[in-house]
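Next up: the structures, one after another.
One chain, chain A, links the two complexes that follow: it is found with chain B in the first and with chain C in the second.
Entry: the complex of A and B
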């Protein structure tokens, strides 16, 4: 019975993983890129120079908002910090989910940042939890369901592995399917705590959306009361109707300094500015604590009196805050962030190698039977586009950022369109170039696209690598070096895949036996493994 | 479901047609029990814990909701670990029934 149990767990692991593998791969890779959201945004706005946060940034932003959205009921101001060099502002301009507007401001002047229109790193960040071209709600549901399957795949995967510690030290490269399995295991086991953490905390982020039943039961029809009790989110004070100017910010900042000695304020939220019922909320920087359960002080906007201090008790809410914080990793310094990125890449490799492993196994089984069905071909095809195509599309996004004319209408949207056009092309490409060639070409093109970005920088911007190094612009210098590293990594993959000879197979002009329907039982199992099998070496 | 069909195809050659139908039916039943039944069990457990955990109400809701994903994952694993598909479905249905009855007894 024991083996039966393990077998059914293996089955569950395979199918729960494969079913959502392609979405998960994209979520993992763009999510990993999202750890560098401020840096990506900075790189994508080459017009902006290095700037340091200044004490007056909040005042400047408030003045700017009075010009931008004087009648809006709510402003959200995200102040610059050591990593983010612009002031980002959001405000409600109309009802509903679509009623928000946003702008990127120069922290020193409060003018709109004099930079090209771009989503910057925000795109990868948002795509990784709500996709694109679908409504925000649908995107979040899809990603949440995929994350649930991921959790099941991890749990059943752990059960399947009786030799979890041995697998940790087992890697046999160049052995086709065996190498894939080893690579999959190493990537999975090495960062297992990370994978479990990131999947579970990811689910917790949207828990009230996918699992609202506890709230429904304990607070029937009164979600606002739950929000207030659990997270201290009081409903906004209503508009009074009497105009009153906002109090100066400086005394409130001093009050916050007394409340949290040495703390930095990262966000300022204002409701009903210009009305006697206005409130000003100061939120403590989330980079200072692991927990994302934001601590904040809310003041009366007209008198400056402290109305509410929030986020200091409530263990369960704090646990959720820690989970939230762990997921987004904003508390992490450079070294820890690098570790997060490596773990994220390990997760990406785990998902990708799992998808490829499935295709390799199925093809072998199919060749033994003498016929490769449509399903195997479909999975192989989608694997190419989902795994090799995505990095290429990400590079295309960065190319679009540099090459689209700056005055173009909907420029930011077109950067994103280019990303999806490139990805779509990667989906069509394997129709023309079967099997290994499709892999090699997409990896190679991706490698070239990344490696040439710093070169493109020399041609079209003032912010090339040398200028960044000489000018002390460490972020852009590292980013350019990182792009070169991405190019190198993809190049190594392309090289590995092109060089790989399936065990026992002679030279076949670089062709994978893809049209296997014509040459059935002749091909021995080892020879049938698609040639990409060695790619996990990298 | 095309991929489930694929897996089925790999065994089709070796099994008689009736057994194949039973196998696919069993898998579908387990999937339904694990995914949808499991969600139901997780939702019921969240509701029950939200009003019965010995802590302030808001705390109980947050705790129960956070734990719900472990319940759901556990239910899915159970649905595939159980010896037979009907046993799996029965186990999930039984758990749901117990939770539901407890909720009813709690009243409100």
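Entry: the complex of A and C
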């Protein structure tokens, strides 16, 4: 009976993992990159210098918004902080559910930042939960469904893994399928709390979209009432029609300082500016608490009276806030963020090795039957593009950021197009170059693309590594070094795959000495590489 | 405090792994430690992991402490797994290094 249960769980694990593995690989890798969203944005706007947040930033931004969108019903201002060096503003273009406009401002002057048009780190962040080229809603649904499969795959994987403690630290390289399984297990088990947390909290973020029934039953047809009760999100005050200037911001900031001693204000939201019904909402910085259940104070925009304090003493909303906060990890300082990134990479390795493991097993089964069918070839082909192609496409995105002319129309959109063109090319490439060659070439090209980015920086910007180091620009210096490390990691993978001798030949003939396959690999992802070749050797 | 907690976590995992047949052989070069030594290693390993939890929670409080600790455990276990795989004989050296580091930290701090 117990075996039967494990067997069925193994079946469930294999199929739930495979069906969504390629999407999950992309979600994990771009999601890991999203931990560095402000840093990526900063690197991708080389025109901007290092700036520190100043107390007057909010005031400057409000004045700028009066020029940018005087008639807009709502403004959302994200102030700069230790990581984000620009003021980002969003506003509703017209009344009702009209679209949003956005701009990136210089915090000191309130002018539009004099920088190239780019999505920056926002692209990886948005892609990881809503994809691209599909509507936002479709993208979120696809990712949510994949995340549900992920949760199923994790739980069934734990049950399937019968030697979870015995093999806790075990990795045996150079043994084909055995190594893949070890790598898959180590990446999964050692970062298991993270994998469970990130998948579960990711689903919680979209719970109202995925499972709306509870709310609909309790609040039929009245989502606003639920929002007000659960999150303290009051319906917007209507426009009165009498003009009235906004009150000065400084006294409101002082009031917030009394309410949350020592806290920082990260966002300012304004509705109906210039009208007697205006409101100004000050939101406390989310980097100071684990929870992302935003605490805010809402003031009357015409009189400055405090209308509402939000985000306190609401247990259910706080639980959701903690989960949200854990997922985005914005409370994390540099050291903890590094740990999150390590675990994110482990997740990426787990998904990628799972996909390859499936292909290895299928090929073995097919060889036993004597014929390798279309399905196996298709999975192997897609594995190359999904796993080796994605980092290459991410590098292409950064190359486009440096090389597309600054005056070009739709420049930001074209950076993204380049990402998908490169990825699409990776999808076609294995048609021409079969099996292991396709893996090696895509990894090697990805390695070159990452490693040459700092070199390209010397040629086309003033912000090259040496300048960053001398100028004390730690973020750009670390980012360049990180790009070199990515190049090194992909290069190690390419090298490992190209050097690999099929495991069977080594074992049978004993021609390959142990050391040849057991070369020390510094890169954690490098350890599982030999079996890629095993998987692709026809 | 983070390096201290990290060192303790690594040492704890190392002790736990030495109590296991495969890794004990990889590191010490012989199989089958006596039962009392294994038990001692397990107790010491658990105590070291507990020590690293205490160090982290003492600095960050329970909420943030548990998050940091989980992340540290992942990093420490991965480092140990890689070391056991590629340089098993370096594990005792790593442990000695951690021991010296901890003593220096305590004396200095």
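The rule we apply is simple: the second predicted complex is superposed on the first by the 500 of 538 C-alpha atoms of A that agree within 3 Å, B and C clash if a C-alpha of one lies under 4 Å from a C-alpha of the other, contacts with A are read in each partner's own complex, and residues count from 1 in each chain.
Here is the rule we go by: a residue touches a chain if its C-beta (ideal position, glycine included) is under 8 Å from a C-beta of that chain, and two chains touch if they have at least 3 such contacts.
Since this is a predicted model, take the numbers as computed values, not measurements.
Enquirer: When the two structures are overlaid on chain A, which partner does A:343 contact: first (chain B), second (chain C), both, or neither?
Expert: The second partner, chain C, only.
Enquirer: In the superposed arrangement, does chain B or chain C reach more residues of chain A?
Expert: Of chain B and chain C, more residues of chain A lie in contact with B.
Enquirer: Quick check for you: in the superposed arrangement, does A:186 touch first (chain B), second (chain C), both or neither?
Expert: second
Enquirer: First (chain B), second (chain C), both or neither: which does A:375 touch?
Expert: So A:375 only meets chain B here.
Enquirer: Pick one for A:258: touches chain B only (first), chain C only (second), both, or neither.
Expert: neither
Enquirer: I'd like to know which partner A:9 touches here: chain B for first, chain C for second, both or neither.
Expert: A:9 contacts chain B only, not chain C.
Enquirer: Overlap the chain B and chain C contact sets on chain A and report the shared residues.
Expert: none
Enquirer: Applying the document's contact rule, which stretches of chain B touch chain A when the two form their complex?
Expert: So the residues of chain B touching chain A come out as 2-7, 9-10, 13, 42-44, 46-47, 49-51, 55-66, 68-70, 72-73, 76-77, 80-81, 83, 103.
Enquirer: Under the stated contact criterion, what part of chain A meets chain B in this complex?
Expert: 1, 4-5, 8-9, 11-12, 15-16, 18-19, 148, 151-152, 155-156, 159, 200, 203-204, 207-208, 211, 213-219, 226, 229-230, 314-317, 319-320, 323, 362, 365-366, 369, 373, 375-376, 378-379
Enquirer: What residues of chain C sit close enough to touch chain A in their complex?
Expert: 2, 13, 17, 20, 22-23, 63-64, 67-68, 70-72, 74-75, 77-78, 80-82, 84-87
Enquirer: Provide the residue numbers of chain A that touch chain C in the complex, in ascending order.
Expert: 166, 168-173, 186, 190-191, 193-194, 290, 326, 331, 335-336, 339-340, 342-343, 346, 518, 520-521, 524, 527
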